[in-house]
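Please read the structure below before turning to the comments.
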Amino acid sequence: MTNDKIALQLQPKEYKSAVKPVWCPGCGDFGVLGALTKALAGLKIQPEDAAVISGIGCSSRMPTYLSTYGFHGVHGRALAVATGLKVARPDLTVIATGGDGDGFSIGGNHFLHTCRRNPDLTYIVMDNQVYGMTKGQASPTTEPNWERAKLTPSGTGINPFQPLAIALASGANFIARCSSSDSNGTARVLMEAIRHPGFSMVQVLSPCVTFRPEQREWKRSLIPAPEDMQRTPDPAEAARLLMTDEGVYTGILYVGDRPVYQPKLKSEIDNIATLDEEFRL
Amino acid sequence: MTDTSKHPLRSIRSADELLAYSLALETEAVDRFNDLADQMEVHHNYEVADLFRKLAKIEGLHIDNVKQASAGKELPALMAWEFEWEGGESPEGGLMEEAHYLMQPWHAIELAMHGEQRAVEFFRHVAETAEDETVVKMALEMVEEEEEHVALLKKWQERFPKPEEGWDEDLDAPVLME
Amino acid sequence: MRFQSLSIALTGSGGSGVMTTGSLLLEAAGRAGWYGFMARSAGPQIRGGEAAAVLRIASEPIESHDDSFDLVLAIDPGSLARFLAEIPLRSDSLIISDAEGGRRGDSLPDTPARVIDLPMKGLAKTVQAGRPNMIALGALTKVIGLPLAPMLEILEKILKSKGADALESSWNCVQEGYEAGAELPVLDGPLVNTDISADRWSLTGNEAAGLGAVRGGIRFVAGYPITPATELLEWLAGTLPKVGGVLVQAEDELASVNQIIGASFGGTPALTATSGPGLALMTESIGLSVCSEVPVVIIDVMRCGPSTGIATKSEQSDLDIALHGLHGDAPHLVLAPTSVTDCLFTTQWSVHLAESLQTAAIVLSDQSLGQSKAIVERPADVSFMARRVVPETFAGEYQRYAISESGVSPMSIPGQAGGQYTADGLEHNQAGTPSSLPEDHYSQLEKRQRKIHAFEFGQHWADLEGSGETAVITWGATTGPVREALSRLRERGENVRLIAVRLLSPERPADMAAALAGVKRLLVVEQSHSRQFHRYLRSAYDLHPAVKVFNRPGPLPFRPNEIIEQLHNWGQAD
């Protein structure tokens, strides 16, 4: 379907749909939306050749706001939908988007196995350490002593999930952390993530101004990782960084070259009646 | 509000390059104000939405000015992240996070003023660091222009009282969506 | 020519190879011109447990077990006890066993049948690398009057991969057993050797379903291992790459169903296969398929439930969840094959319907169909192919969920410029934008219902046979014994109608009314403890005739004489 098509240079704006986001003003997800449109424009991917897949949550509304193909499914299953689509349609650029609850709690198993399987997908997790759409419960990445959730009024008492360390251990092929307030920097990372073969995991720290207004401070606390620590191909080095940086380093933190999961879809037989033979007595 | 876009990392070398930066800056501003207007409309804050729409229109006129100035020239084609803004974002680009659904016109103008102020500082830095005289001259003109904008905005803001503490209080709980 | 059949059970334990023996016997019989089928029953062990191959060989195509067994071959005497409930015996049934075949002190259970000893273990020792099950195969070949030539052909075909030595020792054993069989009684009523020129197939219900899926256009499958659906997935894993498709082993059933939704969203007809526990996990996302109108097919090879239940044995107790397991108002298709061969037709039709109607189709097969191997005529080619309405051009704003008369709206495929939309499990408007407005909810609910209820499904909704004022209504695998019971009654001059429902959802009130016209007594036959099918019929249809229910849970199959008895005793024993 994409043969003979001339890649037009479109403006980032042209990757936005006519639907206006329901996100709260000030939400970090606006920055990610902007960054994603810039990355798609930068890569000259035609809107009809990209599909953005999501589950449930504030950030999972992303596909509706884009002019690409989109799929807004059920809670936690974005990566499964994205994997099925990419395996069946390797010609498409497939991007999954979602939040920390969707990806690491209800969808945790798919996260592990998609890292492990390594299909050529880009996964953008807008991490705000809270469930926004259900009114501010603690998520897997919430700190244990956050006491403002009515569901866990004394804090969760549970250590937060370390998405990037787990992605690395599970086999993700490209790992990055961004800040939504740095929309241009995020765009640059996303462009590289989309271009990199295999499963690219991009955590974007994206403040929830409604339930975690203190996260507006992230734009000051997040700092680019030292140049010499970025883009390491060595998982051990990346692991040390991810386990010791307390989540404040942004940038491309691991670039691997594991083989990509993409079965060949090429018919070996001309006539389907050939299949009859194995049943014939 | 913090100022994360003080200076570009290096000096601007040519008039064309400065025009490209200027065009990017104004385009970002228009997009941002329109996005903010959309956000306010979705959240039924129509007064501020209209104000942002107006600001977008005004910035649009600036784009026209830059386009006129660059008529017939081929400006360098840079991707958004290839501009070397200090802090990564263009002076008027990083305004989104300061928005609030209950914000009042005073806030909106304050926000716009910060953007303009950063633009002033950006062009002033260009004027100070550029070697090319044409660039210096152009940059100083732009400083002047942006300063005018700041002054106009200041005047405009005076028409609205500064909101009192608690302006962002909402007695209703957030809505459960999904 | 009079219909004749012979029912044979082979039992063994500890890796005695009864399944292989049964398959060889069945296929050799097929090559000799007979029809037949073989069901499998097993204990809980992964290796070395008790196992039974349950065969019926017949002069005509068959779909049912008989009332009782003519012949049992117990490789070791202890293995029969476990399966006695599944192997009814008569006083003239024959048990061949080996007193030395098992553990010292093991003995056959008490049965009315005659017992003859055959020292299979001893005879196997006389052959280089000999095995008792191959001695048994030779003896059975002789006892049922099967020529040796087709047996050799089948041995060569099946054992080709094992090497020449294995083939030689097996063949030597078969000949040894054949000679020993000469001392055994020949079973009464030898079978008629029918025309062998026909194109005859040997396949299981799981393979038939797989073939139906591939013929129907399925090119993407995701699945998670689960008994008794695993073999269906395994067959597809081997076959799909040949036709340019692929099977992905998913991390769980939640992933399976969402992967197929993703592939289908991309334009590739997609399917998964599972059993009850997996179907339960998938239900949320089957609702997503319905709401987002992305076609998928889910085959449920049913087993005894609830919970993990009895994973290796058959039951028709997933009807409720297949019909009603989705939350919200989620009209979808539920179909069920009525025989091993029909697994092919029904699956292929289901793919066609799901694709045409852009919805989810659940196909309810079961263990007894899926894991039974049948010798049949080559199944007829069916012209149903995946047929999705895709827009060719985009004039103006494309509306993915446009309200149309049929309820089906053209579905664009990623890559088509101008067709971009976001498929959504949130209620949406015609463009696909999330909407909480009542008018959008009503109109989209109505559209999704209309496309399914208004569709003309035609004659395949049920198998209707016979005439008369009495009818038996059933579905799925129980159709086989019902059909045989009614055919026996017909031979005696008693006319009873058969209604075997293939399309369970949506209901077909007009078709059902026509099928029931003139019926005064209706016997419902189903394999579920809580009478799920009966409750479904009561809720979906007006049943004017007097109704009687003959139900029981799995795993014991229905036998034709039980159904005849139910009909004859109507009103007497109730």
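Letters A, B and C mark the chains in the order given here, with residues in each chain numbered from 1 onward.
Quick note on the criterion: contacts are C-beta pairs under 8 Å (C-beta built on N, C-alpha and C of every residue); 3 or more make two chains touch, one makes a residue touch a chain.
All values derive from a computational prediction rather than experimental measurement.
**Student:** Once you draw an edge for every pair of touching chains, what topology comes out, line, ring, star, complete or other?
**Tutor:** If you draw each chain as a dot and join those that touch, you get an open line.
**Student:** Just to be sure I understand: the centre of a chain is the mean of its C-alpha atoms, right? Then which chain's centre is nearest the mean of all of them?
**Tutor:** Smallest offset from the overall C-alpha mean is found for A.
**Student:** Counting in whole Å, what is the centre-to-centre distance of chain A and chain C, each centre being its mean C-alpha position?
**Tutor:** Those two chain centres are 41 Å apart.
**Student:** Based only on mean CA positions, could you tell me how far chain A sits from chain B in angstrom?
**Tutor:** 29
**Student:** Whole-Å distance, chain B centre to chain C centre, using C-alpha means?
**Tutor:** Distance between chain centres, rounded to whole Å: 68 Å.
**Student:** Would you please write down the residue numbers of chain B that are in contact with two or more other chains?
**Tutor:** Residue numbers touching two or more other chains: 178.
**Student:** Could you list the positions in chain C whose residues touch two or more of the other chains?
**Tutor:** Residues 426 of chain C each touch two or more of the other chains.
**Student:** Spell out the residues on chain B that touch chain A in their complex, using ranges where they run on.
**Tutor:** Residue list for chain B touching chain A: 2, 4, 31, 35-36, 38-43, 79-81, 83, 85, 87-90, 93-94, 96-101, 103, 173-174, 176-178.
**Student:** Would you mind writing out the residues of chain A in touch with chain B in their complex?
**Tutor:** Touching chain B from chain A are residues 12-13, 20-26, 28, 30-31, 34, 38, 42, 56-57, 75, 133-136, 180-185, 187-188, 207, 209-211, 216, 219-220.
**Student:** Flag every residue of chain A that touches chain C in the complex, lowest number first.
**Tutor:** Residues of chain A touching chain C: 1-2, 17, 19, 46-49, 51, 53, 61, 63-64, 66-74, 76-77, 80-89, 91-92, 109-110, 112-113, 263-269, 272, 274-276, 279-281.
**Student:** Would you tell me which residues of chain C are touching chain A in their complex?
**Tutor:** Within the complex, chain C touches chain A at residues 27, 30-31, 199-203, 207, 211, 214-215, 219-220, 222, 239, 241-246, 248, 250-252, 254-268, 270, 284-285, 287-288, 292, 375, 378, 413-426, 433-434.
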